[in-house]
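Note that the chains are named A, B, C and D in the order they appear, and that numbering of residues resets to 1 at the start of each chain.
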Amino acid sequence: MHQYKVGILGATGAVGQKFVRLLENHPWFVIHKVAASERSAGKTYREATNWLEDTVLSESAGKLTVQPCTPEALADVDFVFSGLDSSVASEIEMQFAEAGIPVISNAKNYRTHNQVPLLVPEVNPEHAELIRKQTFSKKGNGFIVTNPNCVCVPLVMSLRPLYDAFGVESVVVTSMQAISGAGYPGVPSLDIMGNVVPYISGEEDKIMTEPLKILGKRSPDGEIEEASFPIHASAYRVPVIDGHLLSVVVKLKKADVKPSDATEAILNWKNPISDMQLPSAPKQAIRLMEDPRHPQPRVHAMSENGMQVSIGRLRKAGVFDLSYTVLGHNTIRGAAGGAILNAELLVKEGYL
Amino acid sequence: MHQYKVGILGATGAVGQKFVRLLENHPWFVIHKVAASERSAGKTYREATNWLEDTVLSESAGKLTVQPCTPEALADVDFVFSGLDSSVASEIEMQFAEAGIPVISNAKNYRTHNQVPLLVPEVNPEHAELIRKQTFSKKGNGFIVTNPNCVCVPLVMSLRPLYDAFGVESVVVTSMQAISGAGYPGVPSLDIMGNVVPYISGEEDKIMTEPLKILGKRSPDGEIEEASFPIHASAYRVPVIDGHLLSVVVKLKKADVKPSDATEAILNWKNPISDMQLPSAPKQAIRLMEDPRHPQPRVHAMSENGMQVSIGRLRKAGVFDLSYTVLGHNTIRGAAGGAILNAELLVKEGYL
Amino acid sequence: MHQYKVGILGATGAVGQKFVRLLENHPWFVIHKVAASERSAGKTYREATNWLEDTVLSESAGKLTVQPCTPEALADVDFVFSGLDSSVASEIEMQFAEAGIPVISNAKNYRTHNQVPLLVPEVNPEHAELIRKQTFSKKGNGFIVTNPNCVCVPLVMSLRPLYDAFGVESVVVTSMQAISGAGYPGVPSLDIMGNVVPYISGEEDKIMTEPLKILGKRSPDGEIEEASFPIHASAYRVPVIDGHLLSVVVKLKKADVKPSDATEAILNWKNPISDMQLPSAPKQAIRLMEDPRHPQPRVHAMSENGMQVSIGRLRKAGVFDLSYTVLGHNTIRGAAGGAILNAELLVKEGYL
Amino acid sequence: MHQYKVGILGATGAVGQKFVRLLENHPWFVIHKVAASERSAGKTYREATNWLEDTVLSESAGKLTVQPCTPEALADVDFVFSGLDSSVASEIEMQFAEAGIPVISNAKNYRTHNQVPLLVPEVNPEHAELIRKQTFSKKGNGFIVTNPNCVCVPLVMSLRPLYDAFGVESVVVTSMQAISGAGYPGVPSLDIMGNVVPYISGEEDKIMTEPLKILGKRSPDGEIEEASFPIHASAYRVPVIDGHLLSVVVKLKKADVKPSDATEAILNWKNPISDMQLPSAPKQAIRLMEDPRHPQPRVHAMSENGMQVSIGRLRKAGVFDLSYTVLGHNTIRGAAGGAILNAELLVKEGYL
């Protein structure tokens, strides 16, 4: 396989570091350039970075010189991953797309843009075709593709089989979210140790809207018709390092669906990318757990290198139809790992 | 005020210790006898107890001789508080009631018995009249009164004003529960540190049923007609010491209720015991918090000595009508403190 | 007793808030003015403060207008408590002293100044006389008094009886320090949850030097002759909210001291302020615990309102002579509470 | 390489599970039999085990039938690893040795026996020769080899270079130990969350004695002459999942050793097994860290699959000569992983 030269925007931040770590030894993608703010530009990546991962920073990445976040400085990469902060992502990501450099972004800025795919390969791979309608590029083959908010990933992965089999009428979700989702320095320890905080700024809106785009259908003219059911979300921060755990209650369109029917729907669900041999794809995208004490973030978030989503406690709900809990690794499956899987899909589908 | 001689059943356990601590310096109640299993009987309370509270065990309680849990051994008390384990509470509590010794119990065994009040003074003080229908006592004035499960207390306290003002059609609740709720040794640290466990054995059933009895009306013949709306509960254990935090979504009977209406209903709610001057009653039973980051268990569970319930994030829900979060101290408001407040009500109402 | 009007410098910070909380209902001291940086000046204290305490901010303090940290703005106070950051404390505190306003400071800046008492009332109350040698005040009765670093307080309180009875030749201490010692936002949760950090910037130097001044003697000319034994300190941050726990090994000057001798020395130690009836003084300044599992920060830091120091595991050391563990509340006994007790001593001794 | 059939004694316990996990995919050793108490015997390993590891239990191990802990039931294994509880290890391990089945044990029972090697391959591989003096076996080639207490491993690995280069006169160590060291259910969460416990039953004695045997020399007649310097240990439990962190102060025999000399001694230390290509040996046994905030248990305990020991903050001590902090993974390097490395050494040296 051809090796792609990739750039990483926002490489010194928490998401950027996760990109660097996950791309070490990647069979298709080689980190060719790292870019960050002006303050870091010119230093080696090792110097510029307060390395937070619990692995040793690789020699090859450590000695890269940090570049400014401009298309000129990264002109020789095949595409970029963006871990940029939302305060700067709008402008910078568009500059890269305009300059013909594809952007695989984890930032929220273009997620709701009607020309931009909001992509989870196992859930809506066909949305990648939106790229063809994108008008951002002023030369070459630039475009922007995004992955959803970290809570939305396990939510839509668990809803996909149910939505297809029975239709969904409404969803109530309470998320218990890990501290790593807030980046670094992020959540002060005095706020969260031995505590729960019932609010995460800006989070609930994303959980209530992004899944509708992801579960949407392409219309005949190639646009996405969003799914249209209400989601109510309550986002809580809990003292967990990695892994967002969701308490979900679902009302289905179809009447009289039993938990066993839902179990069957999940087990029979055909993963659309299972035959593509994407390097970062989990062998089993959704795991259904029977032990009522599972899944647990500390124990199960890293299953299949953090790319598997785990469902447990699937049962009849006294209100609505179904209740379950679902877990996903927020900074891997829900962020950098999800973006890398997106890039792998785009390679396989010929967009990269 | 006459001082009551009280006994404590199950005095060496976690709930029993909380009774001992909270009754220290109580203006009406004096700990006269402590009782526990045969294994502890005969020792001093200090010797028999692995004291878990973060206060110093009082001299007076420490030197009491632990009694066996029999009506004979506690014949000279005015009434008993029961912190007995449910495995033995059925038999022992009934023996006391039969022998004419009132039992104010925190155990679950008689909560659903149709002759036994399941009492939260601020919510259903009139249920105390059920005592008059009780047929347990074989001599004197024995009876059993219970307080609800620790999650149910903040739940019914928050629902009471809404139920009265608008009617309730259904409730979805996800509880994030503190480790102290599991007693001692309780939850192994390897299970819960940096983790969330999506299951607490036996808990969800209580949350889905007890509130209906508590919010029930006395019928003309004096029985309780339970409220009849579905509750769906998902109980999670979180790494918090004290304080259960609930994520609640409510569908109301009345149409078009706005969050501001709900706020008003809560603020205007008339606390039925506010004029009774019960020593353990919080001055303000329900606190409505405006900071969206509040309430938090570590910071707010102990408000008004752990007897206040705090509501936050009251807002319109995309699904159903209202969403909020509510916090209550599980071992005080939701257990020993609630039982003591029950006893104070019963004193004031002439049952004790 | 005459009520003193006090000002609080740095009132919106973590230490300043602790002053505000602890002075609520103080029998001698009334918060008359709160002062903070220019950014906060002019707002009410409630508006300007991200209140971190787990109590409700008092009405009276909440409505005070925040003043700038100048002697002019606080001209009508009897003295000030300083919770200033060390980056500004040198200049501001000196301005107050020069202007004739006594400063009872928790900042480190003047702790080692040879005219400034570094005071722990139970340990070296006679050092207060240094005030008479102070030459800072340009009018009236201004002076500066400091309390030591939060680790030094339990260390010197535990060393005092041993030093007096046997002499001390050297001390090795490993401190396990709570996160509240770093202020707010302070330690990022990603750094400390489920973790230990073997370094706290600037901390070890203070632990190795301040005790020598505190245990020093006043020479005939009124100066402090520092004690002269080496202390080696290793400071660790642990995931604890409040309470610094120290592992101490001591070599004594006197030979063949047995643990029972040390126990006796501690129990017989005469607390020099025990008869002064200072409102914040613990009834028992040092508690000796026999349960080998004690003291523990979460359980015992708040004993006697956080003003008591607890010693446990006093035993023969295989190396040196004695080993023990000692606990003190870092933000109360080791900071704001210690400063308030200093002020109370100074009132009693006629300096205020 | 010949594949060894191995048995695991105490396979369902916490240490036993760690053996099962670490031996999955081991190039030399295949789990042939798992053995546990009578209560578990006859069940499949999956049924009998409350699997605590954060990986999926392998199919092959899960379907093994649990055997009783008798030499007869494990007659066809080449040797056994023992994760037995100390309450039963003395008898069972001796039965295996007598029956000619070598025992590589993590239990403490035979560590101090003068015929039994207490082995850390990087530190005292030559002690393996003690096996030749062992008289336990009644037929065939049975023997017992042990690995030390989990705190002792990082301690002796860090002391080895210093001891060889400068001699050691005394050591003061405070250990901050992870909860996984107490097994399962182990430490109650109410005891340790947000807390530190200054005592671990039985631990300090091991830390003060085992290193002396490990650092001992073989005398001409093949016995071990223990090293003879005093060690003082204080063992604390901290809220960390994995990884024991030690605060160490060392007095050296040689005068005027500078920290830079110590650094050099550690860097120049010749790892005696570095050329043996043992599968579980870390490439770099001791890592010297320069960032003063390192090592940290949550971040660095798993370095080199949990087999590396990390030293940080090497510096001059105000008391004694040197101070540093050292970290080792307690259940891998300090238990099951250490035992496996012992077995690998014994294979290479021809004892197995």
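In this text, a contact is a pair of C-beta atoms (placed from the backbone, for glycine too) under 8 Å apart; a residue touches a chain by one contact, two chains touch by 3 or more.
This structure is a prediction, so every number in the text was calculated from the model and none was measured.
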Q: Spell out the chains that contact chain A while also contacting chain B.
A: C, D
Q: Specify the chain most distant from chain C by Cα centroid.
A: A
Q. In whole angstrom, how far does the Cα centroid of chain B sit from the Cα centroid of chain D?
A. 48
Q: Between chain A and chain D, tell me the centre distance in angstrom, where each centre is the average of that chain's C-alpha atoms.
A: 40
Q: Please report how many Å separate the Cα centroid of chain C from that of chain D, as a whole number.
A: 42
Q: Two or more other chains in contact with one residue: find those residues in chain D.
A: 193-194, 239, 241, 298-299
Q) Which residues of chain D touch chain A in their complex? A) 54, 56, 193-194, 241, 298-300, 302-303
Q | Residue ranges of chain B touching chain D (in the complex, touch as defined) | A | 52, 179-180, 184-194, 239, 241
Q) What residues on chain A touch chain B, complex-wise? A) 170-172, 174, 176, 193-199, 208, 230-234, 236, 238-241, 245, 247, 249, 292-299, 312-313, 317-320, 323, 325
